[in-house]
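Below is one structure, written out as structure tokens, with a few remarks after it.
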Amino acid sequence: MVEASAEAQSRFEAVIANEQRVEPRDWMPEAYRATLVRQIAQHAHSEIIGMQPEGNWLTRAPSLRRKAILLAKAQDEAGHGLYLYAAAETLGVDRAELTEKLIDGRQKYSSIFNYPTLTFADVGVIGWLVDGAAICNQVPLCRCSYGPYARAMVRICKEESFHQRQGYELLMTLMAGTDAQRRMVQDAVDRWWWPSLMMFGPPDGASPNSERSMAWRIKRHSNDELRQRFVDMTVPQAEHLGVTLPDPALAWNEERGSWDFGEPDWSELMQVIKGQGPCNAQRVDRRRAAHEDGAWVREAASAYAAKHGRGKGSAE
Amino acid sequence: PADLAAYCLMLGDDALVLSQRLIQWITRAPELEEEVALANLGLDLLGQARRLLTRAGQLDGTGRNEDELAYWREDFEYRNVRLVELENGDFAQCVARLLLFATAREELYRRLADHADPVLAAVAALGVKELAYHREYAQSWTLRLGDGTAHSRERMQAALDALWPWLDELFTPHEVELRLGVDPSDLREPVLASLAKVLDEATLSLPEAAPRAYVNGRAGRHGVHTEALGPLLAELQVVARAHPGATW
Amino acid sequence: MVEASAEAQSRFEAVIANEQRVEPRDWMPEAYRATLVRQIAQHAHSEIIGMQPEGNWLTRAPSLRRKAILLAKAQDEAGHGLYLYAAAETLGVDRAELTEKLIDGRQKYSSIFNYPTLTFADVGVIGWLVDGAAICNQVPLCRCSYGPYARAMVRICKEESFHQRQGYELLMTLMAGTDAQRRMVQDAVDRWWWPSLMMFGPPDGASPNSERSMAWRIKRHSNDELRQRFVDMTVPQAEHLGVTLPDPALAWNEERGSWDFGEPDWSELMQVIKGQGPCNAQRVDRRRAAHEDGAWVREAASAYAAKHGRGKGSAE
Amino acid sequence: PADLAAYCLMLGDDALVLSQRLIQWITRAPELEEEVALANLGLDLLGQARRLLTRAGQLDGTGRNEDELAYWREDFEYRNVRLVELENGDFAQCVARLLLFATAREELYRRLADHADPVLAAVAALGVKELAYHREYAQSWTLRLGDGTAHSRERMQAALDALWPWLDELFTPHEVELRLGVDPSDLREPVLASLAKVLDEATLSLPEAAPRAYVNGRAGRHGVHTEALGPLLAELQVVARAHPGATW
């Protein structure tokens, strides 16, 4: 790559400083571009892999209305994946290449999806806690310095809030239901609470790349700030729902005007990040199988498009 | 109204069961665009199923709602044609089944859009548009796979050959249909003409396979299904049945 | 093939006439050999394909005792297939070749297995009616003129009778159970009765090869004789069970001392024989898939055996 | 007796669930001899499961019989290790799972054969012989696949690599096991030694994969399973549950 002119460099810095948007045609530092590619790709992969844990209950949803809601959500997630891959493509990578990196493990997705969904209540709890945590992480990204990513996030966040409300509504219904349904909810909360807290990443002291991302206005809040915000938002919701969050250290701190809470089991998280989570292999295997089983279909579409002079062979 | 209820159940079960088969594709499709499209088709069919089952429950005097009908009937009480319940197979079979079903169902809905029953007419009127999109989607993939690579043509042809023998059941009248004056054998000619045109354009051969036999004269519309339906319903119903009387 | 000496020919005829056994080392007419190969192969294929309709309920058997019984039966059927393929191999063909002929449709299996099993009661009805009809067909084969086939049949018939009693016992249990269980049994009887009658083959007038098989003492009774024997045996069992056989023409004929019965729908049978039955494609596809999916395993076993100088590579 | 009941349930569930997975192979095995052998192994495990569940029902004070325990518990009440519930995969995975499980279970049964509980001791005493056969069967196929063709070696190695991370759960003590004095961590050394020997002879590498994580410290023995168990139980239980109170 050509060395950037001092002028381009200072124009980029001014855009950042003035809270304006960097656009695809603009010059940007290589490290900024690489950071964005990594983050957007990881985010796109998370949408796609994230279809699996809930997708696990699509065929078994216990009412046709819930089935329709869940199916619409799966469809939204595939759509989010598409927007995000498109945003990544504005940075000069392509989707096929990112998919390869996902299935051979060179790029990550959110570790939360490496936990199993074991009852239909998990669907509600994922909506409430996992989508809730995702929203805390993602709302600030709507003001991210990179234009295409910020715009994708605006649309995604709107839909995510809708999913979160649907999740919470499902849980309210279950808590008003039978003992077995309430038990399912509490069990799901017990399993998902700590992994949700870990979605904000390691404690600030152990998060080496955060500072630069903050300077570039890709990231706007530290991991611990966002985690605290999530806990403060969620505790009253849990009370309203009537479930117990599985943390004996959880206590209102008058002085801070915030909830104190315990320390997640970071060693378990590290296992999951290193690929040893309960579902890491399963998730990637499924994605790989879909990709490989579909290769002949994509080839046929390309061959057809080449013969008939149409664009790249996806459904029109 | 008993006949009309039975008829709504037939059409509703077709939609519900095919929707379940499409849903099984989610997270397994060849491309993200297809994840979105197949979910979309599944949602359309699920919506039709919900309205038709609801109507059946109103008309049959039992007052059962859509969920009671979907989750608490046994497979011999399901009235769908066997085509929609067969296991998924590969993407070519997905496309082939959609092509056969959507072509026939669009044609049927077109005729039902002015049916005397306002609910059935409304489902059909909206359904014509939905099914036209499903047919177009299936046609566009039939073209791509048929006229794509040699390998894809072979797979698409094999899929059509495998599913063709189940098509005839969609044209074979049940006594209820005859009494209601909605004889599906009227669909045979326009549907076969439409399919022949698409297959020709897709450089595929029109299969010659004879229809699949019935069992002592009974098949899907009489509740005599294939071995594929039981496991499909077991999966569909398992959570609901583990919690009788619960609300979700 | 060398022309048989007149002496060999007359020795063969004497063995047949004296109700002795033809053994693999003996000279035999080519048509006799070909008839036996076709019949034994078809019989072996039927045992193997016949595992599928009942195997369909192995994973869903509603009590652990019934699951164990059904699993033992599946194991017996695989065993029967092995004896029969071994009997066919004494006639100079090999199992791999017969399997190829099965999966590409050049050899048949009993058409009864092209009907679906739709409830657990089908398992009982198959034991009672299908195994019952098979026994009627097979008991005379224990005296078949070809020694290895006759000896295989002795062992097989013993196990088949055991399966038939187990099937009947299951039906007795269901008929003593709930209304839903009784309904299942009646429904299964309604579906399996006519196909069972068709297991004896077309009416005698339409069965061209029967006469020669009878002369060779491969076959000993005509299709219609065996069918009548089966009906006479089964009607009282149905009464004892409390089910209705779906034939309005069924009536005791005092004069003949036998039951009169209606005509099966031969056109439906012809569809099934021509490959258009409800399960023809499914059954052969499953067998083909198992064979093809297992090719690499069989190759590995052969390669290992070749390296290590052991016999053909099946489990020791 | 509550601890002993819980322990019988753990071992019984291991046997029941693995038996169900083996049963799914029937009509799908690579050779008829393997149909016979896998049915045989499945029958042995099913027999062990029936005796162990029966014993658990006697000891836990509920008086539940084998079928009430097998058909009417939810997946979170199942106590099997996750290894036995994973989906079947190919024949190499079938062999790899049998090898890991049978080597460990034979070793365990050997120690339990003189247990104070006469039923558990009897299951174990018979089970040692059965499991020795299972292990030998798995070993013989490990050798053939490992030292067969280049392709089979690759698949056998991949199967071992995939299943190895689940092995550790068989050695990780549950509090019930500690209280009963049957700490399974004692098995680790002899089992790993046996496996190392077989893999070496089969020209395979000993996998180095780390154990699969638990969920907040809980896994199969605590009723926190993989996504594979729910569908397995749905299939196992569907007919029984459709007819509550019926006798079969």
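Each chain gets a letter, A, B, C and D, in the order it is written, and its residues are counted from 1.
Please note the rule applied: contacts are C-beta pairs under 8 Å (C-beta built on N, C-alpha and C of every residue); 3 or more make two chains touch, one makes a residue touch a chain.
Worth saying up front: this structure is predicted, and the values here are computed from it rather than measured.
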Chains in simultaneous contact with subunit A and subunit D: B
C-D or B-C - the one linked by more C-beta pairs in contact: C-D
Interchain centroid distance [CA atoms averaged], subunit B/subunit D, Å: 41
Centre distance in Å when subunit C and subunit D are each reduced to the mean of their C-alpha atoms: 35
Euclidean distance of C-alpha centroids - subunit A vs subunit C, Å: 57
Where subunit A touches two or more other chains at once, by residue number: 60
Two or more partner chains touched - positions in subunit D: 234-235, 238, 242
All chain pairs that touch each other: A-B, A-D, B-C, B-D, C-D
Interface residues, subunit D side, partner subunit C - complex: 16, 20, 23-24, 26-37, 39-40, 42-43, 46-47, 49-50, 53, 66-67, 70-71, 90-91, 137, 140-141, 143-145, 147-149, 151-152, 155, 235-236, 238-240, 242-243, 245-248
Complex interface listing, subunit A residues touching subunit B: 48, 51-52, 55, 57-68, 71-72, 74-75, 78-79, 81-82, 85, 120, 170, 173-174, 176-178, 180-181, 286-287, 289-290, 293-305, 307-308, 313-316
Touching residues on subunit D, where the partner in the complex is subunit A: 75-76, 82, 162, 165, 209-217, 219, 224-227, 230, 234
Contacting residues of subunit C [partner subunit B, same complex]: 53, 56, 60, 115-119, 187, 190-191, 194, 246, 265, 268, 271-272, 274, 276-279, 281-282
Residues of subunit D that touch subunit B when the two form their complex: 74, 231, 234-235, 238, 241-242
